[in-house]
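Here the structure is laid out as structure tokens; the discussion comes afterwards.
Note that the chains take the letters A, B, C and D in the order they are written out, and that residue 1 is the start of every chain.
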């Protein structure tokens, strides 16, 4: 292969991320790119190490999915000095934008906003107590998706977040926390909707709701983010109501931008925003499930 | 007989008091805490949640107790949970029967324990490091099985293990109760308990006395692997899927903590499985209590740390001695008189 | 008044209570300047406890301590060392992982510019050890040396630390005659310098050789203090045990006739780096004694016979059938038993109770599936606690809380409980009081009469003479001589040991 | 050779061999850039591992360092973001806090006779909890002084750099070695590792030493946190998760016994380099999936330990037979 690209991935902490990795590898293979993959196991220091190694190896370009927004200036500067273009995937960084070529990301705040809007529209003025399952405390999706959701709720006095706890983005914790929400809110009779920062927690919570003798999707509305295959199954069964897609194919646009740049030096825009598409039960969930199933989620 | 029972109660007293205090505290921040009702043919309430959610840590703590009694430690249990959950899910989805799946899964756990045990007992590698190898690699192995995704399944039999109920209790609770009693009986009704303690206190002297040290050491790690396998199966069955990335993550620390709260020394020797089980339930009560309390999640860790420190300080030798001293003062006359004889 | 003024160290009405045991009950103890004061008593009498109270290793529950007429209150051993009290505690209490030099100078290493001057420290250490005729590599870890050498190093450290008082708690237990002689020379020198020396031992000869006065404790109480010169040995013993001792170890031996068949035959048995190949035959009803200097390979011989270390040459036979003794377990299956020399690290299982320690080997042999019932355990434990007179509050006391000598007896009980046919004892009487000493010698003879085969290692030559039917002499990890019949006398043994004794030059 | 040097020698031999092997496959690994990176990227881990070495030598363990690093970073970020305090003053403040934190843990371990594993585990929860309470956001540190410090480096021929923090790590190791082998405190640490009861009988001030050891570990964890904040110019409460395990691994690979009493600070340095090498190798290879990365790290860890055991065993038995 003539093009060597280094890809520093955060880790493999969720099905979504595994799918992103799979898709990135697929896209690289299709384009005949030699992809150097480095898994950072959730640690920024490992990502910085990986970037430095890529620079030392002299790769042609670097894809970076940053675990956290801050702390990249120095190593990005090094890459720039070595004239290696860097493309950010799925999250942005807190650094001057001349340090990277472009960022292919979704807008995390916007995602939360879409979810919140949907809920506000759906309950349409009726009073509604919401419980929130946050992502890992301190992680940027947790912070931003909370922010976006709250923005969407402001001005709707009928909507109230009554409980909010972290479910660590996992099904197990989602289920456990939901169980205690149900206990704390009068067996769930007090809860009208659940907002989960990702689908996995929602899937866990749906089980908890069912085990408590309530009907998820009807008694308690369920909205979450990511659009992983399993949530479509739940939607098909009427147990989840809506999800906001975060596409795992960030690499495709990134490689396109890179190819254009390599060909004639076209600089891509600084931000290539992916769509945050809302899916509801009306969107033939089973079909989408089938389409998404094979992607390594 | 009553004397033995009394000794037993005395041994568990600090844990029981700590548990009672925590439950009481939680009931202050959440008044409905002690409410129990029957719903869908099983008991339903926060207390049951504690027993149910505590299942993985209780199970891990049972195996961990025995390992720690041998002066070892098993950091790999969380990863082994993930491996076994993954194996169970992939076995059931590839069409094996439930029985076969359980055999394969528990076998995998025991195999993991065997690996740890061999490193510790035969290659003489320090337990923390020996089990660190599997802790690091194990999650990778689990992901290898699930290929990084959450491997979901629909087999009602397997799901029953995680969220079914029997005799009004959730099945995980029944499983850990039965398993815990079984292990405790095996260990105490045979000579195993004493031999394990002997190894933990003085391995050289035990070997010289003819105790089969390597075999018992390996067996201890195998038991721990088996416990992790059961815990992993329950955790997977609970969410109807194997999450190789997150199943059992950091649970090894909770299990170790449970054993220590249970009063078993990390330096090996004397152990009590019942006390460790209580320790695990104490930890789960703290976790559930925090969730019920409605504090913002930023405070979770600090609250947990503070309560644990408090319990452990109360249990520390100087503080305990101070208490027994006070107790002794009250009944001081008799023992000294017996002395004088 | 005169005497009080003359007292260097005075302990008045010292109390010490342990849960379940009153170890010291208003004990008085006075040490004069320039005297060697023997502190005697049975196992568990409270000698070590008194010493530890004096040096602050234990906090006493009552009483006062005067040093040079001034009341002192050592809170820890560091404090005591600063006051000029140097101590060798019972059991070697040095740090096995530090070098010899570091052990000698721990806490007072010579410094230059604030940093430890390792060169100077090693030089001073070598110089210090020259007094003890030890030429060690002081930069090696202490645990690369034998227990005996460690003991000498501990003594050297304590002597060097003692500006005023030197306390020696059974320092001679693992020393041979030569080393003891050397130690006594040093003690006399210190005494001449005006130090007060407290000397604890169970060897009465040594007491009479070196001590000026004797204080006897019994059951945590002071029995009395006497001048050695005016105290008859018989009276001393009855002070200690509270009754007349039936008989001390006979100096002379009666000739037992061993006519049984050879039961254990080892040919060319050895292990590289441990012990050179040797031949050994042991008959039923025979006690083979092993004599030799420190580090001559006696312990190694025992360990290899028991399978604690695997032999890499030679063959073993039991009753004519070849056997593999590749592990202690195998040896135990052939009804071997082995009381190790280092009871702290290889013998006791500290946190287990006396009962559990006694049944351990028996239980291990039966396998874990066949537990010994609690009643049976109690019976066994009580039986041996009585038979060997193990002083313990009850059978459930953790063994680590017993006094040194009583621990030793409990380990012996562990093996007797397995009813072995070939019993290997490495220094079985180390740290055991006169009364018990005689009991154990009698026990060995009794076991022999019952047809058991024994192999006994001891540094006490008189003792070996008393019970051995044959004696092997070791030197430099080789079996060099065997004495039988009327050749078994102390003189002959010493001669055999000394005949080519190059160690003196070392 | 003295037996106590065996594990250290074995570690060095293994490191040199594996470096040669890696270099044979990817010659770039010999570049000064990679060598400079090895120092810079592992600086914070190395500094923390020095503290961990002392703790482990004394027979203890400190699980709190990862959290302390995170706390330090967040504290600095919050202070520098919200006040006009100079970074150097903030450094002093945070070092004081972390040192005290360590000292308190040491005091609890000693006076309450609690196992270090548990006390420092609670410390780990507590320190990260404090970081969360200070801020759950990641906060960039924009103070110009940080830029100045980052600009300090020595350029090697071939593009590599010895950065300030890389140099600081080397300095800490040098001081660590000096303390371990040339001070009374150092010997006392080894003495505790040899057995607390015995050490006490020999007059080692056990309480003071224990407190000092954990205070030192806290100090170095704080320093490591400062280095980490320089490295990333940010404070983040989720940073440095699991660093304690990396540090323990480095210490053990470096030939120190976890039971205490035996080992070398210098060995830890090699342990750090070996871990860095493993990671560099995996990135250079670049074809491993996430899960194979984990499996390989575990496997290599195992192989290193095994080789070390092997070398020690072989040379022991050779000495015997000689």
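Heads up, the rule we're going with is that contacts are C-beta pairs under 8 Å (C-beta built on N, C-alpha and C of every residue); 3 or more make two chains touch, one makes a residue touch a chain.
Each chain and its UniProt protein: B = ABC transporter permease; C = Sugar ABC transporter ATP-binding protein; D = Sugar ABC transporter permease YjfF.
The shown structure was predicted, so the numbers you read here are calculated from the model rather than taken from an experiment.
*Asks:* Hey, which pair has more contacts between C-betas, B-D or A-B?
*Replies:* Between the two chain pairs, B-D has more contacting C-beta pairs.
*Asks:* Can you work out the whole-Å distance between the CA centroids of chain A and chain D?
*Replies:* Each chain reduced to its C-alpha mean, chain A and chain D end up 33 Å apart.
*Asks:* Could you put a whole-Å number on the gap between the CA centroids of chain A and chain B?
*Replies:* Taking the average C-alpha coordinate of chain A and of chain B, the gap between them is 34 Å.
*Asks:* At what distance in angstrom does the C-alpha mean of chain D lie from that of chain C?
*Replies:* 44
*Asks:* Spell out, as numbers or ranges, the residues of chain D touching 2 or more other chains.
*Replies:* Touching at least two other chains: 132, 136, 289-291, 293-294.
*Asks:* Provide the list of chain A residues touching at least two other chains, using ranges where the numbers run on.
*Replies:* 11-12, 18, 21, 137 - these are the residues of chain A that touch more than one other chain.
*Asks:* Could you tell me which shape the graph of touching chains takes: line, ring, star, complete or other?
*Replies:* other
*Asks:* Could you please write down every pair of chains that are in touch?
*Replies:* Every pair of chains in contact is listed here: A-B, A-D, B-C, B-D, C-D.
*Asks:* Can you check the complex and tell me which residues of chain B touch chain A?
*Replies:* 30, 32, 39-40, 44-46, 49, 53, 143, 147-150, 152, 163, 235, 238-241, 243, 245-247, 249, 288, 291-292, 294, 296-298, 300
*Asks:* Chain D touches which residues of chain B in the complex?
*Replies:* Residues of chain B touching chain D: 119, 123-126, 128-129, 132-144, 148, 244, 253, 256-257, 260, 265-267, 298-306, 308-309, 312-313, 316-319.
*Asks:* Which stretch or stretches of chain C touch chain B in the complex?
*Replies:* Contacts found on chain C: 20-22, 306, 308, 327-329, 332, 338, 340, 345-352, 356, 360-361, 363-372, 414.
*Asks:* Which positions of chain D touch chain B when the two form their complex?
*Replies:* Residues in contact with chain B: 108, 111-115, 117-119, 121-123, 125-126, 128-130, 132-133, 136, 245, 248-249, 252, 257-259, 289-299, 301-302, 305-306, 309.
*Asks:* For chain A, which residues count as touching chain B in their complex?
*Replies:* 11-15, 17-19, 21-22, 134, 137, 163-166, 168-173, 175-177, 179-181, 183-184, 200, 203-204, 207, 211-213, 230, 296-297
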